[in-house]
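The letters A, B, C, D and E name the chains in turn, as written, and every chain counts its residues from 1.
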Amino acid sequence: MGKIKRIRVKPSSRPKTTGSSPGSDLVPSSVLEPRITIRSYGDDIYHEREVKKYQDIDDQIAKFNTLTHWICVQGLGDLKFFEYLGNKFKIHQLIQEDIVSGGQRPKLDESSDYLFAVSRRIYINEELEMANEQLSFILLPNIVFSFQETYGKCFDPIINRLKTDKGTIRSGGSSYMLYALMDVVVDEYFELINRFGDELETIEELLYRRPKKSMMYDIQSVKRAMISIRRAVWPERDKINDLIRSESPLITRDTRTFLRDTYDHSMQIIDLVESYRDITTGLIDMNLSFISNGMNEIMKVLTIISSIFIPLTFIAGVYGMNFAYQDPATGKILNKNMPELYMANGYEYTLVAMLLIAILQIIYFWRKGWLSSK
Amino acid sequence: MGKIKRIRVKPSSRPKTTGSSPGSDLVPSSVLEPRITIRSYGDDIYHEREVKKYQDIDDQIAKFNTLTHWICVQGLGDLKFFEYLGNKFKIHQLIQEDIVSGGQRPKLDESSDYLFAVSRRIYINEELEMANEQLSFILLPNIVFSFQETYGKCFDPIINRLKTDKGTIRSGGSSYMLYALMDVVVDEYFELINRFGDELETIEELLYRRPKKSMMYDIQSVKRAMISIRRAVWPERDKINDLIRSESPLITRDTRTFLRDTYDHSMQIIDLVESYRDITTGLIDMNLSFISNGMNEIMKVLTIISSIFIPLTFIAGVYGMNFAYQDPATGKILNKNMPELYMANGYEYTLVAMLLIAILQIIYFWRKGWLSSK
Amino acid sequence: MGKIKRIRVKPSSRPKTTGSSPGSDLVPSSVLEPRITIRSYGDDIYHEREVKKYQDIDDQIAKFNTLTHWICVQGLGDLKFFEYLGNKFKIHQLIQEDIVSGGQRPKLDESSDYLFAVSRRIYINEELEMANEQLSFILLPNIVFSFQETYGKCFDPIINRLKTDKGTIRSGGSSYMLYALMDVVVDEYFELINRFGDELETIEELLYRRPKKSMMYDIQSVKRAMISIRRAVWPERDKINDLIRSESPLITRDTRTFLRDTYDHSMQIIDLVESYRDITTGLIDMNLSFISNGMNEIMKVLTIISSIFIPLTFIAGVYGMNFAYQDPATGKILNKNMPELYMANGYEYTLVAMLLIAILQIIYFWRKGWLSSK
Amino acid sequence: MGKIKRIRVKPSSRPKTTGSSPGSDLVPSSVLEPRITIRSYGDDIYHEREVKKYQDIDDQIAKFNTLTHWICVQGLGDLKFFEYLGNKFKIHQLIQEDIVSGGQRPKLDESSDYLFAVSRRIYINEELEMANEQLSFILLPNIVFSFQETYGKCFDPIINRLKTDKGTIRSGGSSYMLYALMDVVVDEYFELINRFGDELETIEELLYRRPKKSMMYDIQSVKRAMISIRRAVWPERDKINDLIRSESPLITRDTRTFLRDTYDHSMQIIDLVESYRDITTGLIDMNLSFISNGMNEIMKVLTIISSIFIPLTFIAGVYGMNFAYQDPATGKILNKNMPELYMANGYEYTLVAMLLIAILQIIYFWRKGWLSSK
Amino acid sequence: MGKIKRIRVKPSSRPKTTGSSPGSDLVPSSVLEPRITIRSYGDDIYHEREVKKYQDIDDQIAKFNTLTHWICVQGLGDLKFFEYLGNKFKIHQLIQEDIVSGGQRPKLDESSDYLFAVSRRIYINEELEMANEQLSFILLPNIVFSFQETYGKCFDPIINRLKTDKGTIRSGGSSYMLYALMDVVVDEYFELINRFGDELETIEELLYRRPKKSMMYDIQSVKRAMISIRRAVWPERDKINDLIRSESPLITRDTRTFLRDTYDHSMQIIDLVESYRDITTGLIDMNLSFISNGMNEIMKVLTIISSIFIPLTFIAGVYGMNFAYQDPATGKILNKNMPELYMANGYEYTLVAMLLIAILQIIYFWRKGWLSSK
């Protein structure tokens, strides 16, 4: 497909674990050893620390108790961490399961002490496959937890702003950080849609010029990607709306204003996804129509060639027959059988007749419009 | 279809009995002799008892009056049991009918003394057909009734947890048991969807490589399965929502939290079903497109072969004609008729002309892109 | 279609009279002479009386003033009866028109003194056509009127229960009778859907084995039947819901419980109708796909036979040409023209060459998978 | 199409004037000189008067100030009339524009002094085209204005009832007149739908017997007509509902009851339109399927004839070859080349072989079911 | 496509910048140097001034502090202007971003001091491509800002009315000006839809007469245009509704009345867009059907010609065979081989037989209806 690398879209992103009975042991969807980083920051302060043992978190929080802390967990393979989380921060067992088991829809769970939010990150991974990762967030006063299933670097822009920028990101508190993290996910949707938009344009151009069997496959891939994104964005939008309307004191008024901006973005994405779905439907129709047109063209060639030459061949066949009446008496072959054969200029007359027939047919096909190139 | 056993999906699961007039005699949808087991349990106690006569139930309940009782009824073939149920537990006649007649949608009926809930279990039975069984539940203080049409072992995981686990399942009371039983059904949907997801992937792969007539049949089977599941899950979701919002004191606050989890699961299932429906629609489009492509390919072969050889055969036919002007006087055949035949190297010239025509046609078809393999 | 008699479904059931201006004279949709029966009953009493003159109704009601009366009107051809109805029971002119003109959607009209309800009965008549009859009901204290356009016996089960059963039907009062009459209509929908379900299964089986042109027609008939039923059931459901929520004292609390059961049934019917519609859509897709597959198969046969024999015929044609160079001097035909013809074993070589070409083509088609039976 | 005259349905009824900036000069959609008639009536009085100058209206209203007045305006070509209307009856400028510019959807505008309602009349005009006219109504105490773009006689039934009937139409006041006028429009929809229903039946019958290219065109015409009607009826229904629920004292309680009847009619029309749309969709599917079936039939004929005769022709071609080994020494043609030719009964054997091949092929095609007529 | 210039509709209008993180620097979607004009007007006063430096705006507003000011900004390439806007008029940073970044959906943001509204202008640009421009408006007491991405002249009618008209536009205040500016956008939709309506009519006419491959492309273009317009009009409608229901004192009661008119227009546009979408769907169906019909016609010609001449050619081939039994003794060729060849009038009999076969076939095809022109 020209310059664009083809993106593999699997039939659907399946839930990794079927909803296991709660109360049973946790089964993590990711077996990656967690990499935990705690970042504590204020207007002029920024401390970053790799967490080796969970006690480090407690220490950091105690040490910088006036700052905001963002604890970034990558890899969910260690269940002990969730035990610690439950004990120390009173996170409900079902919330732990939602984080660990993956496959959740974007949602907001409000509890008296904290907010739990799920986002779905959709991106193109290094093998050029569309991947689908669950991001979970817990918002506590002054603390934000973020959980990723992989070591993906999607939060790097946030980290950079946190290190260099001294604006809202530093002073906005934990709810602004939650907003900033979730906004990254929505922004990635735009990139993704743009990428598939480029692919659609390439497909369309090729489709018009030379339809191929594999194109239907490519169109369906884009359609599936749109289905996946739509499946993620609608609940994402609802979640953001829930956050805006939440009465929780954890979310500041300023953050709500910014969330409204993200809400607008999610609406734009929904618009785009629906438009692209309509366009893929159109491309499927066009594909079908072009295939049928191609068949028509093939049939026309066959029909024109056959219709012209089959009758002519018949005439040639007639004059290739060996009828030869023999005089029963003499055994001599008499002329009166197939007299045309022995006519003066019979051959020339026949050729002219054939030519006339061919010309008449060509005129017929030309008037039917079958000779025009398209 | 390779390793996956094909699953038969009948056009639709029909209601077994058409809604008979209430007040008339009950017509059970299942003729299996009931197997009734009563399980009484508390934090540290677990008693299981096969019920031989209905009096056994009364005895067990009286004996362990501080425990929670789960009365599991498999097979609905004995109407006397329902009579007993009506007399002893004051279950309304219409509720009895709903249990016995089958074919109910998932729903919740609240009455002042008890709650009645219906779930639909969808599963692959041993004959690899998709089966659809009604599960009914009655929730009373400390007592849960479960009714199955068959002797299916879908509740085995619950029984195992009840025997071995001393956690929430033992201490959660009757409403938690109701939740646990209903959660099993929702979990089974995940397995089912995964199974059909595998089938879809297999179909898609085969479709691209070699489309077959039977594939349309397979795609439709998956589509139907999705329709059946959707038909069950939407009211299931509503039922769970009704339970969460129910003001009945029979449902504890903790159970509501767990039900919210099941609600999320039912939403995920709805998402998956809708995605799979979209994918089957896509496969139907692909199938149609691939069939048309196949036809194009066939037509191309026919057209190329015919277009090349029919004109050549005509030429051969022309020179197979027997035109031979005889001198009327001498009867001698003169050369001037069909002079090409008697030209020096006339044969060679003709062969070269045929070759040229063939080459020109091949160039024409090649420029049209008809000679490329796809 | 095997054992199932084909059911004719006309494009749509049209309104018999276009909404005539109210206030103008009534135009009855049925010209049948009314047959009126009054049935008065209580816990232990049952009186049935053919009504000859309208005074009979007054007499019967006055005579058994403690009983419940069901006045069953079959045939709407006598407008004087409606005049009597208006005068005696104060039925509004527009209600009279709704009964008489037919073509109403199921609905409930509440007035201070009575309730007016419309049901649509859909059934297979004796000519195996799908028929659509309006049933109208008026509920007064202790009195139910039922109006049918035809003499159809759809209420026979109710009459039998009334004669023999001494249960709820006798003691339930007029609102229970209204419920029982309307429940009959909903139950008939189940039968109808089952019948079309059988037809769909037959069609599907035949479709897979040998698609016919007429099958599309049959599928469309089922689809139309489903459309008709759906058009009737949705407002039916709303009507029942209105009855349940109605604040009218005419409807007893017990009746409301039974109506909830009918409501559930109407929901089941809606589910079934939607499922069957999806299935017919699937069958249409399958039909189209199977027709295209059939065309592919036909084309393959043509292409294989043509591709093999047309080139061979060309070769045969070449060696049937009469090139024969005559020595201009002697007039003797020389051998050097078409030397293959005069080669030793030239014929055998040619046959072998033809065989080789045929074998190569067969291998080509076999590798393309065109020789496999499906 | 048999007896039914074909009705031309244009792609869509476009707005005649694009929404011009309010405040600018009025641009009438109709250039017809207005014909204004004022009809004043009471229980026993009826006065009809052609309006020559606008003063006539004032006179008539003043003279019969206890009566109800219906002022019927046909043709909107005189803007001075609207100036008069604005001055005398305080009709808002935007309302004037809505009347004059056409292209409005059915709607109700309530103002403190009057009600403004728009209906869309859809009808078959004399050129058998589907036409779409805006009817506007202004309801004042005792006065109803009706505005038509053309001189169409759609209100003739009302005029006749007004002249002859002394019932509700005379005594119902201005709101009943408004109802009666709007009811005419809804009744016309029934006629229209019936007409297109007949057309659908004709198309369906022809489709099954002999599908034609133009049928797709006819089906699309009906579909478009349904789209146009639907586009008019949905807001019509909302408008009637608004009228029923309006708190304006201009609408009497009795009129509301009659409007409820019209509301039911509009619901029936919506039902019918949706059904007919479903049926046209079905016809499109049938058409496609029948065309494909037709193609299959054509292909079968071609394939059978070709498959039988092409191999036979090949055999004939083989024995038409001129292989003739000459003895290099004597120049004598030897027999051993193509020995079959010189076999005793070689010709007969060949004919039998050809016959056998043909019979085998016929058996093959017969078993494939290709020889059956359908 | 005849007289209508083809309009290029790109797959979709993509967002120019993906939602960048707020708080980061603004990235303008347009790099055009702003052209700013301030127009101050009252009932009898009108001042227009090109703004060279931002101070000019302050001066003009201070100088004419009793007038209404419309500040028209074309080109968003200068970020300093937005800085000035933020400082002077306290416009929130996120609002500035919405103006600058483009790609917003129509929406209304209410703040305590001002209203911010976005419209999307869709138009055909000079290269005959469908273009999509964001218009932003800020409403302050007595001041309206309008922001355009390009120097497009869409507001020229407003400017003309402002210069010449002394009516509502002069006296209506800033909210009327906001209404007038937004109304221009909605009016442009009508023009656009009319243009595509003409295109649809042209396509339809051509489709019926001579379907072409490119037509599918044209239909899809119109469909896409409709999708784009729909995507803009639905939120446009919501925005207008929000304005009507807004409690902001900035919007006068009179303006609300006019906005209601715009609301009606947006509803009409939605109606038209939906109708046109239905029509394009119909055209796609017609296209597919006509292509298939065309194929049928081609196949008929091929089949008729082939079916008639292939058997005849076979017969000719048979009598072109060289069977010639030689008397083994004498080497003399005997007559009894292929006796027909030596029959008296054998040739004539054969020709007659061929004619009969051809006539029979023609009768067969004629009865099948394949010979009729359509």
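Heads up, the rule we're going with is that a residue touches a chain if its C-beta (ideal position, glycine included) is under 8 Å from a C-beta of that chain, and two chains touch if they have at least 3 such contacts.
All figures in this text were calculated on a predicted structure; none of them were measured in a lab.
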item: Chains touching both chain C and chain E, listed by label; value: D
item: Interface composition of copies chain A and chain B: same or different, split at half; value: different
item: Approximate Å spacing (C-alpha centroids) for the pair chain A, chain D; value: 40
item: Distance from the mean Cα position of chain D to that of chain C, given in whole angstrom; value: 25
item: Chain C, residues touching no fewer than two other chains; value: 288, 292, 295, 299, 302, 306, 310, 313, 317, 320-322, 338
item: Touch-based graph of the chains, sorted into line, ring, star, complete or other; value: ring
item: Chain A - residues contacting chain B, complex; value: 10-12, 14-15, 18-24, 92, 94, 97-98, 103-105, 107, 210, 212-214, 216-217, 220, 223-224, 227-228, 231, 284, 287-288, 291-292, 294-295, 298-299, 301-302, 305-306, 309-310, 312-313, 316-317, 319-322, 335, 338, 341-347, 350-351
item: Residue numbers on chain B that touch chain A, as the complex places them; value: 157, 161, 165, 167-169, 180, 183-184, 186-187, 190-191, 194, 197, 200-201, 204, 208, 257-258, 260-262, 264-265, 267-268, 271-272, 274-276, 278-279, 282, 285-286, 288-290, 292-293, 295-296, 299-300, 302-303, 306-307, 310-311, 313-314, 317-318, 320-326, 337-338, 369-370, 374
